[in-house]
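So that you can tell them apart, the chains are marked A, B and C in the order they are listed, and the count of residues begins at 1 in each.
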Amino acid sequence: MRSTRATAEPPLLDVADLRVDFATPDGPVAAVRDVAFQVMPGDRLGVLGESGSGKSQLFLALLGLLAPNGRAIGRARFAGQDLLALPAAALRRLCGDRIAMVFQDPMTALNPYLRIATQLTEVLTLHRGLDGVSARRAAAAMLARVGIAEPERRLALYPHELSGGMRQRVLIAMALLCEPELLIADEPTTALDVTVQGQILALLQDLPLTQVVITHDFGVLAGFCNRALVMYAGRVVESGPVRTLLARPRHPYTAGLLRAIPRLDQPARRPLATIPGQPPEPAEAGVGCAFAPRCPIAVARCRVERPAPRTVDGEVTVACHLAAS
Amino acid sequence: MSALALPEAAPRGRSLWRDAGRRFAGNRAAMASVGVLAVIALSALAVPWLSPYSRDAIFWDLMAAPPDLAAWHPFGTDTNGRDLFVRTLHGARISLMVGTVATLVSLVIGVTYGAVAGYLGGKVDALMMRLVDILYALPFLFFVILLMVVFGRSILLIFIALGAVEWLDMARIVRGQALSLKRREFVEAARVLGVPSLVIVRRHIVPNLLGPVVVYATLTVPRVILFESFLSFLGLGVQEPMASWGVLISEGARSIDTAPWLLLFPGACLAATLLALNFIGDGIRDALDPRDR
Amino acid sequence: MSALLEVSDLAVAYALPTDGVWRAPRRLQALDGVSFALASGETLGVVGESGCGKSTLARAILGLVPPARGRIRWLGRDLATLGNPERRALGRDLQIVFQDPLASLDPRMTAGQIIAEPLVTHAPALGRAAIAERVAHAMARVGLDARQLNRYPHEFSGGQCQRIAIARATVLEPKLVVCDEPVSALDVSIQAQIVNLLVDMQDALGLALLFISHNLAIVRHVSHRIAVLYLGRLVEIGPAAALFEAPRHPYTRALIAALPVADPERAGRAMGRGLDGEPPSPLAAPSGCAFRSRCAQAVARCVSERPTLEPDGARAVACHRWREIP
C-alpha cells in the first residue's frame, strides 16, 4: 500500500463539481451534489456512507450506468478523458477495459441462466477479441488467480451451484479479465459471511491495482484503504488519510458513526452513542448543512449556511463550520 | 376491519391504492377508455332522453331503412321496422349487466374458494383444486345448451351459467397468489401473533391479492359479454323482446348484403366496449405494478 | 429467574424437491440436536454464519416449522402437546421481530392497525378507545410520533418500520421476543438506535430476548449469554463476557478473530485471518465434527466421532480438543 503521495504524478481519476440528478414525477431529485475528489495511481480509496448518501450513484454515474431518468453533470477525468463527455459507445469500450466494477450482491450480479464460462468469456471476446478456446483458457487462469480451486470444473457450473464467497470471486475475476487500471468494488464483503470476508479482502489486497471500495464498514476501511471519503446526503463531508480519519475524525457525522459501533473494549449493555433521527431522503434538499438536524454541536449558522469543503491540517478536507483547523 | 379502525385526527397516509389511482389517471389510453365506457353506459341508462321511440315501436313504412338523422333514426331500422338505435342501447344494458353481474358472482365465489384453498394448503388445497380441475374438464357449452333447452331461456339462467364457468379461472389465479402470499413475512408475523387462519385470510391475504383480482375481473367482463353474445348468436341468449348485442349481431349478419348497418352499429358498439375494457384492465395492471412496464 | 424456554435435542429437517422421479427425497438437516435454556429477563445471543440454522431455530421455537426430533418446552409445557387454540394463545407471550422491516408489515394496513392487531386478537374485550390508547402508548414507547398512525409502511424509513414491528411485538408485554437479525438490514447509525431501544424495552418490561445475528459485536453488546451455532449444531455456549475473553471452540475463536476492527493499527494484522474454505453445505455435513473440514486443530478423532456438548460450570463446549488448544 502506498503511504506517500507522489505529487508529480497526475491523478488516475479526477472528479470535480459532480452532480447527479434524477427526474421523478415529483420533480428533479439530486442524489449527488458538488462532489470533488482525486484518486492517485496505487491508492486504495474507501467511500463510506449510509443509504441516501449517494455513494453508489456517484460511481454508477461515472461508468454510465445510471437509470434512464438519471443525469450526471460535472467533470470526471480518467487518464486524460472526461468520462461524462464521452459518447455511450466510447464509454462502454473504456469500461470493462480500463475501469472495472464489482457489484454488490454476488447472487444477483451474475446471470442465473448462463454458465460461469459463458459469462467470463463474453468479456474477453467482446473487449479483447479472443476466440473461444483462448478465452476459456484465460478465464480458467483468472479463476485460479482469484483463488478458486479446480477452475476448469467450476467453469461449467451455473451461479446457483456456487457458494456466496465463490460467486464474489467470480465477479472479481470477471472484473480483472481485461486488466483494468481502476477497480471499483461496491460493498464487496457485505453479503458474505464474516469468516469469508477476510479471504476476499486478502485477495483484493494482493492485486496491484488502484482500487475504490464503497462500503459502510469501518473495519474494511481500516484494514484495506489508505484514503477515505465520507459521504452524507449526496455530498462529501470529510476526506483524508484513513489513519487520521479514524484517529481524529473532524466531521461530527464521522465521529458519530464511529461512536455508534459497538466496540469490544466497551462495557456491554450500556447504551450506544447514537446519532438521533435518520439520514435524509435525497428529495429533501434544504438550506444549510444537511447534517444539522442530527448534529450534536450544530449552531445557528449551520442551519442557514451550507459549509464548503475546506482543507485542514494539510491532507484532510472537511465540510463543517466548526471543524477546527 | 372496523375493529382495527382507530379514531384520531391524525393525517391520512398515502395508501398504495391512491398511488395506483394517480398512475392510472396518467395513462391516456386507459382514461380515454373509461370515457368511452362511460358514454356507452350513460347512454344505455338515458335512452328515454336520447330517442323518442320505444324498443318495440314498429315503423311499418320504414323496414330496414338506412340511417336517417332527421327522422331520429341515427342507426336506421331493422327488418321488422324497429329503431336500431334504441335497440342497440337496450342491448347495451343487457350486455353490460350480464357482464358485471356474472363477473361479480365469479369474483365472490372464486376469491373465497381460491384464498381458502391457497392459504390452508396441504390436503384441503389438493382436494379443492381437484374439484376445480374436474369442473374445468366438463364441456360447458354443452352444459349451457342443455340447461337452456331444458329450462328455457331466462336471463337468470344466463347469469348462473356464465358465473359458473368464470369462477374456476378466478379461483386458480387467487389460489396461486395466496400460495405466494402465505410465505411473506407479514403473514408469518400474523401467525406468530396467534391470529386464526380464516381471519388471516380475510385480513391479510385477500386485500393483498386484490390487485391481480381486479385486473382479472376487468378482463373477465369482456369475455363474459362475448360469451353471452355467442350464445345469442346461436339463438340461446336472452328472449324476445329483450335483445342483447349478440342477438342484434346475429340478426344483422343475416342481412349483411342488403342492410349492412344492421350489423355495423351493434358490432361497432360491442367492439368498442370490449376494447375499452381491455385497455382499462391493462391500465389497472400497469398502475398496480409499475415495475412491469 | 425461572426457565422460560427449554430446548432439548432439537432437530429440524427440510425435505427438498427430488431430482428425478426415482430418487429418494433429499433432506436438509437445518438443526441437528440443539439444547439450551433461557431464563426470564435474560438475553441469549445466537450467532453463526450461513447454513448454521439460526433462522430455523427462531421458526421452530415459534411453531412455524415442525421439529423432526427433540422437545421445546415453554413454561414447562411441551409445545408439541398443545392444540391449535392454545398455540395461538401463546402469541400473547411469545413474539418475533424479523430481519426485513418492510416485509414484516402488511403493506395494506396502517401503522396503527398493525400495532393494534395483537390487541384485537387477544384482548378483543377492550373497546376501540382503550385499544387506541394502548397503541398510542406503544408507539411513544418505541419513539414513534403517534400522529403517524394512519401512515402506511412504505411511507416510513427502515428504522421506523422496525420500530413499528417492535411496537407490535411488545404491545401485549410478552415474556419472550425472538429477534431474527433485527438490525442487519438497517444503516449503521440506525442500528445503534434500535439496539438501544431493544435493551431499554427489555429493562422496562422484563422481557427475555433471543437475539439472533451474524454480527458478533452487536450480539456481545446486548446478550447476557451467547450460543454459537455451526451447521445446525451448538458448538459453544456461555456468558458473553467469558466467551469473548476466553473462547474455547476453534470456530468461536475464528469468529472473534475475524471481527472487523476500526483501528488501522490492529486491523492491518487481523486482516486476512479469516478461515480457509467456506461453510459446508448443510446437505453434505462432514462426518464427525462438522467444523473439522476448516479446523486447524482437527485430528483423526474429529473425523470419526461427533463431539458432544461438555458442560463446564456456566459454559459448555462441543469440541474434543478444547482443553489442549492454547
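Methods note: contacts are C-beta pairs under 8 Å (C-beta built on N, C-alpha and C of every residue); 3 or more make two chains touch, one makes a residue touch a chain.
Bear in mind that the values here come from a model prediction, so they are computed numbers and not experimental data.
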Chain contact graph: line, ring, star, complete or other? line
Interface with more contacting C-beta pairs, comparing A-C to B-C: A-C
Measuring centre to centre with CA averages, how many angstrom lie between chain A and chain B? 53
Between the Cα centroids of chain A and chain C the separation in whole angstrom comes to 31
Taking each chain's mean CA coordinate, chain B and chain C are separated, in whole Å, by 49
In chain A, the residues touching two or more other chains are none
The residues of chain B that touch chain C in their complex are 1, 3-8, 10-16, 184-186, 188-196, 199, 203-204, 207-208
The chain C residues in contact with chain B across the complex are 62-64, 87-92, 94-96, 98, 100, 103-113, 116-118, 120-122, 124, 128-129, 131-132, 135, 146-152, 154-155, 165, 168
In the complex, chain A touches chain C at residues 50-51, 163-166, 193-199, 201-202, 205, 216-224, 242-243, 246-247, 256-258, 260-264, 266, 268-269, 271-276, 278-279
Complex interface listing, chain C residues touching chain A: 49-50, 157-160, 187-193, 195-196, 199-200, 214, 216-218, 220-223, 240-241, 244, 254-255, 258-264, 267-268, 270-276, 278-279, 281
